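Please find the structures below.
You will see two complexes here that share chain A, one where it goes with chain B and one where it goes with chain C.
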Partner chain A sequence: MTAPLLETRNLVIRFGGVIAANDVSLTITAGRNLAIIGPNGAGKTTFLNICTGWIKPSSGQVLFEGEDVTPLPPRAIVRKGVARAFQIPQLFTEHTALENLLIAVAARDRLRNPFMDLHRIPERDEMMHLLEMVKCADAAHRPVVELPEGQRKLVDIAVALALRPRLLLMDEPTSGVASSEKHRIMEILVEALAERKVTSVFVEHDMGIVERHAEEVAVWNAGNVQLRGTPREILDHPDVIRDVIGEAV
Partner chain B sequence: MTPTLFLLALFDGIAYAALVFIVALGLTLIFGVMRILNIAHGSLYAIGAYATVSLSGWALAMGLAPILAFPLMLVSAVLVGLLLGGPIEWLLLRRIYDKPEVLQLLVTFAVFMILEDVQRLVWGTRPYFEATALQALGNVTVLGVTYTVYQLILLPAVAAALLLGMRFFLRHTIIGKLILATTEDREAAQSIGIDADKVFLFTFIVGAALAGLGGALASPTTSILPGMGADMIVLSFAVVATAGLGQIEGAALCALMIGLGRSFAVYVWPEAATLVPYAIMVAVLSVRPQGLFGSSSARKI
Partner chain C sequence: MTHATEPDKSRQGRPAGGPSMAGTVLPLAGLALLALVPLGAPGMQLLVNLALAKGLAVAGVSVLLRAGQVSFGHALYFAVAAYAGAFLMTALPGADLALVLLAGLLGAVVAGVCVGLFVVRYRGIFFGMLNLAFSMIFWSFLEKFYHITGGADGIRLPRPAVLGMDLDRASFELVLFYLTLTLVLGLGWATIRWLASPAGQIFQTLKTNETRLEYLGVSPRRALLWGYLVSAALCGIGGALMGVTQGVVTPEYAWWIRSGEMVFIAVLGGAGSVRGAFVGALIYELVRTYASAYAGDVWQMLLGGFLLVIILFAPRGVIGMIETLAHRGEARK
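Here is the complex of A and B:
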């Protein structure tokens, strides 16, 4: 049997009196997109932060493709193949969309002449193609500060893809976007991820999106996984209807 | 003021502005990227000058060609950057980036004080003169005024090349873009795999080397003595603050403004000459507290 893409073993962390991760053991299988749902304060974002190295757990382990990455700094985990997209796109707003991707590529590969012109790096065409994939080719030469929020989200995902991850962790990929646009953005995003063979884990409050784009759902509560199953199983579960969906509506 | 005096004041001002700009460039680069005002920058300038004098004195004693004074200036600058700048960032500043500004100022001020005494220990308090480089290039006569090629042509040329080089470096090269990205958002930079610690270390070494280069280039034009670092940090800070912290092109213009203001004052009203740079700074900052070219929204570098 091959190792799961990502596996956590007994993650524990507390902030003051709050237990943000209470013995979390979870496996993520390549090719099966996982949605994480649950009430605010359940520890969903903390889980993403631990997996990407931004927060170190008090105990427990994170294994990526069988290798213990728990002690590594975030940038080293990124290099292993775990990218992260935040709730608010983390882009360099004074640079153009294309430059944001080129900077990511330049950061990814260390063996490169550092005094080379950024626009002359050989991956420039590949990066233009990535922008086309997320339907942002028109934004390539515009500073990010000028782009609408929905487009920033997509550029942010393109930046994450530029890092050639095998796993992408996203914190509410469609938050801050008009509800009329949510589904379009999510569709572009999921299609791009599939084309690049990237498995995703995403925190989401919109059950419509969860139902449509996740292969599996994990319900978080009080710092741990309360339930796990297919979207249909989970969304029809009476506890979930009461605790999670009730709150989201 | 006679035309001759006018030209002399003009040339003095340009030569002086070029030196001040080179030092201010390092100061503003470090501040723009790392948000640290490095008082010890003045000592790095002084040590760059002392190192050049020692190295070229040694080279002359060995009977080497005077023209070697120029590469030795570069060597001094690189040594200052690597041997002093590197450890200062790595051992001290790295620990205080998220501390209050007052503490950062105190730490760099302490480094400044320590390095001032180190200079006295190593080079004593006796002034040094070493004008080999100045003499090697000879003089030029412009409109009846004879001036050294070193000050009239070399210094402004180096300053202009550094200005253009720094612009190109930051806006086009990979490493420059990674520095700008880290400056804009350190967390975002780390999340795409940029090693922010290395970016800061590299930036500080470059900034420190610029201070050292300023000192190296100044060494043939002035006597090297204790206190020169304090004078230069105050003056280059005036330039950087007048321009707006982190403003590279602005620093060039303000260095020219302050350099010329000072040199004309020397001929017109000598008693006020040392006062002029600060009068310009106070006048500008009382109208535009963010500096001539700085924006109030704290845009960095």
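Here is the complex of A and C:
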């Protein structure tokens, strides 16, 4: 039997009196995009932070492709193939969108030649193509600080993809994006992920997005996975309708 | 990209294939003009030599500014290198100039590793003040350990040999002048190239987002340490040159005012600009020398006022003003 792509075993973390992860055990299978839903404060972002090494759990384990990565810092986990896109885009604001991607490539390939111009690295065309793929080609030469929030989110995801991860963890990929654009952007993302054979886990509050773009859904509540199933099973579940959605999708 | 564009800005608005005014022509014209100083204005040779040596150290401070970090203690590397050269000259009288500079560079880099491993854990004011603390510890060592360092009197450096030859004072100063100019050209170019390289760009991202850097698989501390070593090495070469040029090294090399002066010149020339470091150092030394001769005790006030005007009206410093004017000139063409 092949090991799951990512597995967590009995994760526990407390912030004072708040239990943000309460014995979380979850497996993520390669090739199946998982959506995480749940009320605010349920521990969804904390789960992503633990999986990427940003927060260390009080107890429990995180395994990536069968290897225990719990004690590793985020940079080491990233190097193993786990990338992260953030709710608030984390970009180099004084650099252009293209430069953000080129820096990601430089980091990925550990480019050290002190006399090579960043703009002349061989992957420049590949990164332009990636920006085109996420519909941000027009932003390539603009400093990130000048870009609208929606475009920044896409550049943030493109930076993560530039690392050629096997697993991409995204925190609300469509928040801050105009509602008319959300589905179009998610379609672009899902297509880009499929083309690159990247499995994704994304935290999402828009149930329309979840229904259309996730293959599995995990419902978080009080720091643990309350339910897991296909989007239809989850979105029709009376507990989810009552606690998370408020109305049927 | 704001600063890393030192080479890139020069490409903007340039006729295809031709050298840019601000990026290539003006710096080379400036260096050519400086090369004529021993012939046209020999009285200014020593002044320019000292300014350029200081400019190298300021370039080191400017490198750190690219990563958003200000060091108030980089005189440490200036002094360590100068004293390393002096100790070598004391141990091996008649040692070669190249060896003295190499000892200075080595001393600065070793000190950079020792202090750097500690200070790269901190940012902002803590980074700045810890650097200051280390430089003042070294200053105290230089002042108090008289039997090793010569105390406040410092150490006199006999004139080193040049490629095995013992030169008279005038010839030695001429060689030193052109060597300094060559080092300014070579190290200035290499620093600008490094800043535009992938590793240099990663170093500069420390200014805007360390979280993303960590999530690209890079250790921000290690990235800062590499830049810190580049910075210490530049300061070291500047300090070793200064020591050899002046013929004496004193604890004043590590004094906090020297560190402050470097930051002052870096901002004056253009914060984060390598070219600006040299332009700023030349302006500073010229104003300091002539204003102190003609304006007595008010020269500091003049320099302070000048810096205020720069910060308020030309935040990219003197080099920013020069580049803007050069780009306008190119656009008109």
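Here, the second predicted complex is superposed on the first by the 242 of 249 C-alpha atoms of A that agree within 3 Å, B and C clash if a C-alpha of one lies under 4 Å from a C-alpha of the other, contacts with A are read in each partner's own complex, and residues count from 1 in each chain.
Note that a residue touches a chain if its C-beta (ideal position, glycine included) is under 8 Å from a C-beta of that chain, and two chains touch if they have at least 3 such contacts.
As the structure is a computational prediction, the values presented were derived from the model and not from experiment.
Asks: Using the superposition on chain A described above, determine whether A:137 touches chain B (first), chain C (second), both, or neither.
Replies: Touch partners of A:137: none, neither chain B nor chain C.
Asks: With both complexes overlaid on chain A, does A:222 touch chain B (first), chain C (second), both or neither?
Replies: The answer is neither, since A:222 touches no partner chain.
Asks: Quick check for you: in the superposed arrangement, does A:96 touch first (chain B), second (chain C), both or neither?
Replies: second
Asks: Identify the partner contact of A:30: answer first if only chain B is touched, second if only chain C is, both if each is, neither if none is.
Replies: neither
Asks: Looking at A:118 after the superposition, I want to know if it touches chain B, chain C, both of them or none. Which is it: first, second, both, neither?
Replies: Touch status of A:118: both partners.
Asks: Kindly classify A:19 by the partners it touches after superposition: chain B alone (first), chain C alone (second), both, or neither?
Replies: neither
Asks: Overlap the chain B and chain C contact sets on chain A and report the shared residues.
Replies: Residues 52, 73-75, 78-79, 84, 86, 90-95, 99, 102-104, 106-108, 112-119, 121, 159, 163, which sit in both footprints.
Asks: Within the complex, which stretch of chain C touches chain A?
Replies: Contacts found on chain C: 1-4, 7-8, 190, 193-194, 196-202, 205, 207-209, 211-219.
Asks: Note which residues of chain B are touching chain A in the complex, please.
Replies: Against chain A, the touching part of chain B is residues 169, 172-178, 180-181, 184-185, 187-195, 299.
Asks: Can you list the chain A residues touching chain B in their complex?
Replies: Its residues touching chain B are 52, 73-75, 78-79, 84, 86, 90-95, 99, 102-104, 106-108, 112-119, 121, 159, 163.
Asks: What residues of chain A sit close enough to touch chain C in their complex?
Replies: 52, 73-76, 78-79, 83-84, 86, 90-96, 99, 102-104, 106-108, 111-119, 121, 143, 159-160, 163
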